[in-house]
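First chain A sits with chain B, and in the next complex the same chain sits with chain C.
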Partner chain A sequence: MDAYLVAILTIAGIYIILALALNLQFGLTGLVNFGVVGFFCLGAYASGIATESFHAPFVGGLCVAMVTGAVAGGLLALLSLRLSGDFLAIVTLGFAETIRLIFNNEDWLTGGPKGLLIMTRPVLADYSRSANAWMVLAVVLTGAVLTLALMLRLAGTPYGRVLRAIREDELVPATLGKNVFVYRLQSFVIGSVLMAAAGSLYAHYVQTITPDNFTTPVAILVWMSVIVGGPGNMLGSVIGALVVVTIYEGSRFLTPWLGFLDAEQVSALRFIVIGTVLILVIRFRPEGLLPEPKHTPVVPATRRPALKG
Partner chain B sequence: MTEPRADAPPRIEANGLTKRFSGVTVVDNVSFLVEPGQILGLIGPNGAGKTTLFNLMSGVLKPDAGRLVVNGVEASGLPPHRLARLGLVRTFQLARELDKLTVLENVLLAARTNAGESLTGALFRPAAVRLDERAATERAREMLALVSLSDHESKPAANLSGGQKKLLEMARCLMAEADTILLDEIAAGVAPHLVDEIALLIQRLNREHGKTFVVIEHNIGFIRALASRVVVMAAGRVLAEGSFAHVSANPAVVESYLGQAA
Partner chain C sequence: MDLTRRLFLTGTTLAVAAPALLRHGLAQSEPIKVGSLVPLSGGGGPYGPEKAQAHKAVVELVNKQGGVLGRQVVLISENSETNPEAAVRAARKMIDADRVCAILGTWASSVTLGIMPLCQEANVVQIFTGSSDTLPNGDKKRLCYNLQPLNKAWCVALADLAAKRGELKIAFAGPKNDFAASMGESFSKALEKVGGKIVGEPLYYNPNQVSYRAEAERLISSGAPALFLAGYVTDLTPVYRELVRGGYQGKVFALSFAVGPQFKQAVGTAANGILHGSPVPPVGKDTYDAYLNLVGLKPNGQVQNSYGCAAYDEMNLLLLGIASAKSTEGPKIAEHIMKVANGPGERVTTFEQGAKLLAEGKTINYDGASSSADFLPNGMLKSRDFALYEIQGDKDVLLTTTTSEAEQ
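Up next is the complex of A and B:
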């Protein structure tokens, strides 16, 4: 049970990073990225190949993953960010599927459907299994906390205000002198880098990755985390990811009470539960569990003329 | 105070601006000058191409032909943010307030320099961000006071009335420190007492702050009271140009526009 809790928390930490990255892109900037899993996959394989084929240490693999994510995000953004939101959605969806198919077919590089075995761990290998699991968890949570700090900073500064303005109506910030394209590009690339970093953490945590780990349902879980938690609210994404992962992973504890269903049916049931939660949230609390925070001015409002007079 | 210098270049110099939409010429070879300190009225019947002309001047649309020079700088085909930085900002015919941002945030967004708006500034220069944001907040409050929206600063902009939204757009333009402001039907759909207030505000900004305005308006009284020069458009072309008295005496103008407006 203890080991299982550590495992769930590790997965939750990875989903928190993914959800925060998507919240920057969608919640703040309004960019519809359906290709979350593509960047996640790319980061996982880039990191795995760097450490296994080129014997880089874990940190090296993480850096390679982030650079790969940045390049892929930048190229995709240059291709499609000038187009409207729907185009970006389709392009990113196609990107994720393309990445998965490439990795499935290029056996020489990725091991194909058999998977890529990753021996390099983010921590020293000399400890017991459980100590190791705790240390991997610590690494993932550190990543999640750093990501959260970065997002809170970006969302809380005038930078975040420009992103929210672009989300509301891009013509307004443009006619007030903001280079909308540059902001969108930055937001998209930062999100892509973080998704790839999450992929690297995931790869070195599960140690065997196959293209089957990176199908669209992963992206759907990340989207649900953002929608349920509250788009535009960074703490909301943390809570949303925790809720979604808890339902998804925790539902297997219900198996003993669901004797009339076989394992596959129970597994399908998880998506039904998550889908129901999503529908309920959108119906009864469309702004998410935590609505977008109200931004308070740096100088408190005073009735100055009255005070001076 | 931004008193225009005697040798200042025209704020806007449009030369043969043309825009076609799938074969229909909406703006047809339009040329005019806007001198510093002027309030130029732009009138004409619906579909005359006035708003399209604004879209060309603010970079929202690119002209198919013609030149645009803003404050002496070649500006043909520049994107909106570059034109804004040249000192030219606009309001929209249907107010485009940013609904989920507060009234104050709507105005803060227009600040010309704010360290916290760049990625590196936001992450690595916290002191400069705080300083700039504090200065911007104080300035934004002055702008809100000018348009009498101070009491509403913490409301989401969506909660303002139609007229207040137009005033909010005006405050944003002022915050942007632009010297030329394009107003697209700022008085349309606004309560009558607010129309007078807007007219007085434009006059005051023009006299005391040296702001130049180009005003599209169907309210002829509003144009008569404000505009030092009037350009009349019809069917994409400039029909007449001059003082209000001059153009309103022009039979072609009376026939195409003023006659039906009166």
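Up next is the complex of A and C:
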């Protein structure tokens, strides 16, 4: 059981990084990126190809993944960031699907549907199976904590304030002389880099990746983490990702009590539970479990009328 | 009472050791846990439920007869969703939380290969049905058994049929997945051996498309007098519809599992004339009938549940392997599965017969419901029956049955 908890925490750590990255793009800046899984996939393959075909160490693969994520994020942003909400959503969704199809068909590079077998792991050699699992967990959690620290820092600075202002009404920061496009571009690229890094961690954790690992349901889970946790609140995304992964994996343990349902119905039940939670949250707590802290401007104390006499 | 260092040390040691001591004491009576990871949704959705049912039926029967080595068998069922990402998470749960000794029933090659690193690391046995020629590559510890012949074997049978029908120029199309990709390669080799040739490049399309008109138009314009469509029922149906709509007149070869009742209902009389083949259970054999009776079906001389009967063999082989190894350790079970499957020894067809003989110290040779269940040294199936059919008047008419030997 403890080994299983380690496995689930590792998966949760990867989802936390993805949710934080999306929270920067959507929660802070208001960019509707449905292509989360595209960058995740890109990072996983970039890292896998770097370590397996070019024998780079794990850290090298991680760097290659982040650079690839930055380049892809930048290019996609230059093409599409002038589009508003819904259109950006469609373009990013298309991007993710395109990446998956390219990787499925370019066998020479990615192994195609056979998948890519990854032998490089972020562990020290010659330890037991459970020690390896703990080491991978430590690496993933370090990544998640670093990402969280970075995001908390970003959200608290004047930079984060500009991003929030763009989300609320981009005309206002533009009037104040901020280059709205550059800010949106930066936010999108930072998010993409983090998603690609999460992909790299995932690839070296599961060790076999095929394009089928990167379908839209993964992006939906990340979106749900952000919505349930509270868009705009970084700690909320962490909670959201933990809640979603707990429901998703925890529902497996209900099987013994659901003897009247067969395995097929239980696996469908999982999505029903998650969907219901989403509806309940949106209906009763639309701001999420941990709402974004209110930023009320400091009102100067009203001047007292001068005393007469 | 003061907490002295000695008391603290003794206390902690006991607390830490307790689970291990308990585990040791319970190990002898603990149930044996077996994982069943079948596709209940996604591309394999039509075939998963019969596999899950067969696993369950064998386990219930064996438990009723007293279990394996006096221990009950607990079946842990999960849905692979025909998706390696979901399957890996399910396999993690089975291996780490339930501590299963084997995972049976994976169907898609991408799923079987996807969970292979986990199973190899944790010494978990895998018994499955899969046809991709790359399956044996990742099995470094020799823990895998496959009850389906690899693509190389089925293509020989299909190419022979094509040659007999005088169709020597055939175009190939299939979904872009591991199964169809290695099917394309093997089929072109097999066809060349009988003097034929593939027309043009093999066409691989992306599954789950909204429309397959472009693919159908390309096949028609290639001018091939015959087509081999290596799709599943979900993509073959729309491709075939578009071919009929486009007025294609040539012969069509397909795989039997794709042109079942669902397909015939969808395309109606247009299905007439399709030639198809696949590995089949030995219809009429006692073992196959025993399987059908166990899951509540009547033997009717037709092929039914061609994956369910393999799942029946998966479970029987595993449990016999455990009974023979007197252990639930993966590598030992895997070693003994080879002994009970290939013999030499007395022929047995159920777990009950086998366990009885093993207890008497005799050797056995399991004869299965899907095939004779004999394996090559790499764990892949030695041979299986193939049947070739033609659809006439909404019915499958049997043309011939052959036994195809796998290449060494």
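Keep in mind that, in the parts below, the second predicted complex is superposed on the first by the 294 of 309 C-alpha atoms of A that agree within 3 Å, B and C clash if a C-alpha of one lies under 4 Å from a C-alpha of the other, contacts with A are read in each partner's own complex, and residues count from 1 in each chain.
As a convention for this text, a contact is a pair of C-beta atoms (placed from the backbone, for glycine too) under 8 Å apart; a residue touches a chain by one contact, two chains touch by 3 or more.
Because the structure is predicted, anything quoted here is derived from the model rather than measured.
Visitor: Determine, under the contact definition given at the top, whether A:A7 touches first (chain B), second (chain C), both, or neither.
Guide: After superposing on A, A:A7 lies in contact with chain C but is clear of chain B.
Visitor: Looking at the overlay, what does A:T157 touch: chain B (first), chain C (second), both, or neither?
Guide: It touches chain B, and chain C stays clear.
Visitor: For A:S53, using the defined touch cut-off, is the partner it touches chain B, chain C, both, or neither? Pick first, second, both or neither.
Guide: neither
Visitor: Once the shared chain is lined up, is A:T142 touching chain B (first), chain C (second), both, or neither of them?
Guide: neither
Visitor: What is the contact status of A:L101 with respect to chain B (first) and chain C (second): first, second, both, or neither?
Guide: The answer is second: A:L101 touches chain C but not chain B.
Visitor: Regarding the shared-chain residue A:R252, is it in contact with chain B (first), chain C (second), both, or neither?
Guide: second
Visitor: Across the two complexes, find the residues of chain A that touch chain B and also touch chain C.
Guide: none
Visitor: Once bound in the complex, which stretches of chain B touch chain A?
Guide: 58-60, 79-81, 83-85, 89-90, 92, 96, 98-102, 104-105, 108-112, 114, 116-119, 121-123, 129-130, 132-134, 136-138, 141, 153-154, 172, 176
Visitor: Okay, in this complex, where on chain C does chain A touch?
Guide: Chain C reaches chain A through residues 36, 38, 40-41, 48-49, 52, 77-79, 81, 83-85, 88-90, 92-93, 95-97, 110, 113-114, 116-117, 121-122, 132, 134, 138, 176-178, 181, 204, 206.
Visitor: Quick one: which bits of chain A touch chain B in the complex? Just the residue numbers, please.
Guide: Result: residues 150, 153-154, 157-162, 164-165, 168-169, 171-180, 186, 292, 294-295, 297-299, 301 of chain A touch chain B.
Visitor: Contact residues on chain A for chain C in the complex?
Guide: The touching residues are 1, 3-4, 6-8, 11, 101, 104-105, 107, 112-115, 117, 129, 206-208, 210, 212-215, 218, 249, 252-253, 255, 262-264, 266-268.
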